[in-house]
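For clarity, chains are labelled A, B and C in written order, and residue numbers in each chain start from 1.
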Amino acid sequence: MNTPFHIPEGNFRGHDRQNVWKLAPDPELTEVGPGTACGEYMRRFWMPVAMTDQIGDLPYRIRILGEDLVLFREKKEGRLGLTHLHCVHRNMSLEFGIVEEGGIRCSYHGWKYGLDGTVLETPCEPPASQVKKKTCLGAYPVIEYKGLAFAYLGPADTTPPFPVMDTFDEEGDDMLPSLIKSPCNWLQVMENAWDPFHVVYLHTLAVRSQFIDAFAEMPMIEFHEGRYGDFYTNVRRVGDIVWLRVHDHMMPSFTQNGAHFPVPDRQRYFGRCGLSRWVVPIDDTNTMVVTWRHFRDGDDPRGMTDKSKVGYGTTDFYGQGPDRSYEQRQRDPGDYDAWVSQGPKNIHARENLSFTDRGVAKVRRMLRNNIRSLAAGNPVEHPAAASSGILPTYAGDTMLRIPIQPGRDDAAVLKEISFKVADIFRASDDRSGAARKSFIQDELKKYEAGWA
Amino acid sequence: MNTPFHIPEGNFRGHDRQNVWKLAPDPELTEVGPGTACGEYMRRFWMPVAMTDQIGDLPYRIRILGEDLVLFREKKEGRLGLTHLHCVHRNMSLEFGIVEEGGIRCSYHGWKYGLDGTVLETPCEPPASQVKKKTCLGAYPVIEYKGLAFAYLGPADTTPPFPVMDTFDEEGDDMLPSLIKSPCNWLQVMENAWDPFHVVYLHTLAVRSQFIDAFAEMPMIEFHEGRYGDFYTNVRRVGDIVWLRVHDHMMPSFTQNGAHFPVPDRQRYFGRCGLSRWVVPIDDTNTMVVTWRHFRDGDDPRGMTDKSKVGYGTTDFYGQGPDRSYEQRQRDPGDYDAWVSQGPKNIHARENLSFTDRGVAKVRRMLRNNIRSLAAGNPVEHPAAASSGILPTYAGDTMLRIPIQPGRDDAAVLKEISFKVADIFRASDDRSGAARKSFIQDELKKYEAGWA
Amino acid sequence: MNTPFHIPEGNFRGHDRQNVWKLAPDPELTEVGPGTACGEYMRRFWMPVAMTDQIGDLPYRIRILGEDLVLFREKKEGRLGLTHLHCVHRNMSLEFGIVEEGGIRCSYHGWKYGLDGTVLETPCEPPASQVKKKTCLGAYPVIEYKGLAFAYLGPADTTPPFPVMDTFDEEGDDMLPSLIKSPCNWLQVMENAWDPFHVVYLHTLAVRSQFIDAFAEMPMIEFHEGRYGDFYTNVRRVGDIVWLRVHDHMMPSFTQNGAHFPVPDRQRYFGRCGLSRWVVPIDDTNTMVVTWRHFRDGDDPRGMTDKSKVGYGTTDFYGQGPDRSYEQRQRDPGDYDAWVSQGPKNIHARENLSFTDRGVAKVRRMLRNNIRSLAAGNPVEHPAAASSGILPTYAGDTMLRIPIQPGRDDAAVLKEISFKVADIFRASDDRSGAARKSFIQDELKKYEAGWA
């Protein structure tokens, strides 16, 4: 018989590898609910939990770290309250409660709670009733700042200072909040920011330049320790320009990256970050990315940003949410498609981490160490506790005119520049504001001049 | 640095109270499936399972106490049949069966079942086949009465008489059935009727008068035992009028309340209930409220009722179903929002029961005792078994003109009146119909006159 | 009191039979995921996994036997590849990958895989990286044939030959593929084809003739063993015509039935099947029916077929999918309604198998034996391995003019004819194509003539 079909040849190992279907996620790094080790660790930090423009005159139900909560703006001074969802009398949800001056009232029998969950009134109880002294509603402190509501869900006696970075209050920076949800575990969303190589592929070579063509060049990556967190440098040579792109990371999930649409065609000294970003677990398999998007003169020479797109569920750069058809997501996948399609919880045991994954491996190691340290009874370190004020950060783009040096291996040159620039940045830690900026810029120019 | 945000102060105990997220529902009172203790107890009673106007010429699939069933009207005498959903031959669902004279036939291989589940025909089997004698389909008896189908899902040998209350067949009462589903456990829906204080808050003070302004007054509540069930009196003084509102309860889930829109501005002697109500579990986390809404001359002086709204999925008073937007439910929450938002199964261990919850505590205690009594092998008591006919009930509004008594504490007066009126009602138990009504009215008038 | 309602009488056994709610499906025959006994057995066969007209230029995500996979057509020679869904680097889904020449590339970091899952490129890794030699992607061989993609998901070293039946490449047969999904376990879909009696009831007597009136007659069924599979004969007498309808079955889930709209009013010798059909598990509770529908001159004398309806999610005969309203499904249930309404997994322990279910019982027994045989370490038998080429099958309609024989019991006559025709069919096994067809037709005519 003439075979009317092609018989495939090859070393097919699908059945040999069926154990992949049995492998499970790592609970130590991915479970964030009440009482879990990672959840306890994350509860030691202030985290953004909502955009304040979503909080109107009604209670606003949210879910954070597996806890169902209600956020509201009390009517006397406009302060935000964040409490457990269910009234402690009969468990009716306070999303149906009445927001009042100084607190919230359950609509079932009228129990009223203060911002800290103290039972203020039990109007249907007899005057002599002591019930309001015997219980309280779980509540968490909230700080409202520049369009975001930050909460601290940990033990009251370890409440850290609220950390304010230098990038939160810059002159000339129009800072806009955004919040976008993803149906997957927080860790895979966070790791994306520790992975500088996906920029080359996913954002540039895979289909099209989602940001700028210059990202197609493979960067040299160096990891550095700062006083208050970690940062890494991406170095690329673009003709005579040595382009250093710096990313910040602070545990557990804060990151800052460089500009979104940089153009490495001229000198730039200590340009700053395009995004301040927190990855906040809703629960084990839902996550929100809460950001401030920064807009400064000079950050976007080609005019590719769009402030009008930044807000609840949306931002002005490609691929951050589900706002595209399945076909479009297939034809031009973005970050959202990468992290969501890793699964509800990425299974690390199935991965093959390699050279490009040093950042991912590093953050998992740091996270695991910190989780175990807390579980062993050690205090959690907070940058804001170690600092006397605003925290210096490093993220942004610096472009130095340093041509190829005849007779020297350029990779060695770029590496040397990476470490030197990191040193200059760190040397500025005790300065702040304009003085710090001038210091860094002067040092960078001096250093650049030394290569001329 | 000038802190540009407010640092919250207070005694925040959200983290201290994280154990609330671990607490679980009480299985003894909330699990109703086959073989559960509460489910067995509830299977000892006739319960309404459908509105008959929903049963057309096709099989009607329903779910009761966790059992998937099919209800149909056979075509010879129009009798209702209620059987297990799946044909016992090959398990095809009888919702796709053919309703015939005297029974239902599976469309797969034609097995036909009588109303009691007996296999009547197996047309594809050989004539000598004995299979139809070896098995049967699970079936339950059904009584059709005034627009409702009642079923008994317990053991055949303990089938109780069908209980008929005096309120089921009153002269001049236009009685309309309604059935509304709620996605939560039955107990929290039922308890709402044992809680006279939520009327003050949820229905009146919280947002607006959903019924009448007079409910804003805190009532004095007294619980009484009747011959066939429990009842309680809500007493309020409205000027010279002492307004007694009586609610009936019979285990496991039957209740009757007073008129929906009473006006306590004149005398009324033994006005009757606005609603006869059963709470029927669909399964552990779904429930239906099945009612007859009563419409009588004089019950609604302000014309606030609307017969056209009473039916499948709807009724003529506010907040009983999901027929409102989420925003409207937040702005003006009703009973449905209270019980559904307690969660799929309310977690009693999180509650703080207090003075207002005496009814809730009482019904849980009675229910638990009855469940344990049955589990211990005792027979279940049925009012209809103890009675020779129609069962007397008490629910409704009575309004007596009894002014404040100079020199006497009015609370004591109201309490005395509550008990006396309860005594008058109970004294009528051996009478029925018009004779009973005259007796009660005469006694109430005599008693009222004694205060003049 | 005059009882205003009917009190039902009968032997109601719903409560007695509450154990039916506790019975569970048979895991040995219904669980098909990786590592299960039945799943391993089914992984020893080529199965159709998609219609090729659904595979465009993008990766096509599918799920087979509980495994998430991606099917794609590489761009050099147009060959089909089938791999595990998740990239083995960081687990991004390859449904968002880039289909290229000779393979597929993950869009996250650019790892490229060949059709057999070999890692071909890791572009972000340093040149010296060995990671691509250390791992591979699970992949399965695919054969594309007449509009269907067939895959083999078992161990490479036991890959059987691709079985080609005589019905796959007939002269004058316009063969169209179809694929329809059902939300239930595969076994109940497959068993429907082993049950010749549901044709009488479901398809004919229950509501209306969904196919032809002649199916209303109860057939005589005989099971026969063929060289490569099983077949059964349905015999019915229609006047002078003895109508033999033959169905093929090959393990695990291949079947062929007779014509869909036969008219038994004249002689027909070895008419062939209307459908070649595979039941393919998506997972334990989802299944697809993949078919070739055959269209030949003479198969449809009444013109009831419609090629335009055969395709993805649809076919030209009634009741095969969810493409009808719930009311229509109730008023005129089809095969889909039968097997889906048995539940996500039919519970055999609730059934009462009887005379009509000999086929169902037989296929379960064969399946269980084969599953256990493989689990015990025995090789799986494959018809295609035992044959030197195209496999002979028997399904179709034969109509012989053999009047009732005076003095003989007609049932005995029909039974004799069934066995003789089966013998004639089997005697043709070593012939093929036109020669085989002539042989069978000549033998049938000779045999028929012997009854004149």
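As a convention for this text, contacts are C-beta pairs under 8 Å (C-beta built on N, C-alpha and C of every residue); 3 or more make two chains touch, one makes a residue touch a chain.
Since the model is a prediction, treat every value here as computed from it, not as a measurement.
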Query raised in the report: Which is the least count of steps on a path of touching chains running from chain A to chain C?
Result: 1
Query raised in the report: Can we say the copies chain A and chain B touch using the same residue numbers, with more than half in common, or are the two sides different?
Result: different
Query raised in the report: Measuring from the mean C-alpha position of chain A to the mean C-alpha position of chain B, what distance in angstrom results?
Result: 51
Report task. Would you pick out the residues of chain C that each touch at least 2 other chains? Result -> none
Query - Interface residues, chain A side, partner chain B - complex - result: 33-35, 43, 58-59, 66-67, 79, 82-84, 86, 88-93, 95-96, 98, 105, 107-110, 114-118, 122-126, 129, 131, 134-136, 138-145, 153-156, 162, 164, 169, 389-390
**Report entry** Of all residues in chain B, those that touch chain A in their complex
**Finding:** 1, 4-8, 10-18, 20-22, 197-198, 200-202, 205-207, 218, 327, 329-331, 333, 337-338, 341-343, 346-347, 350-357, 360
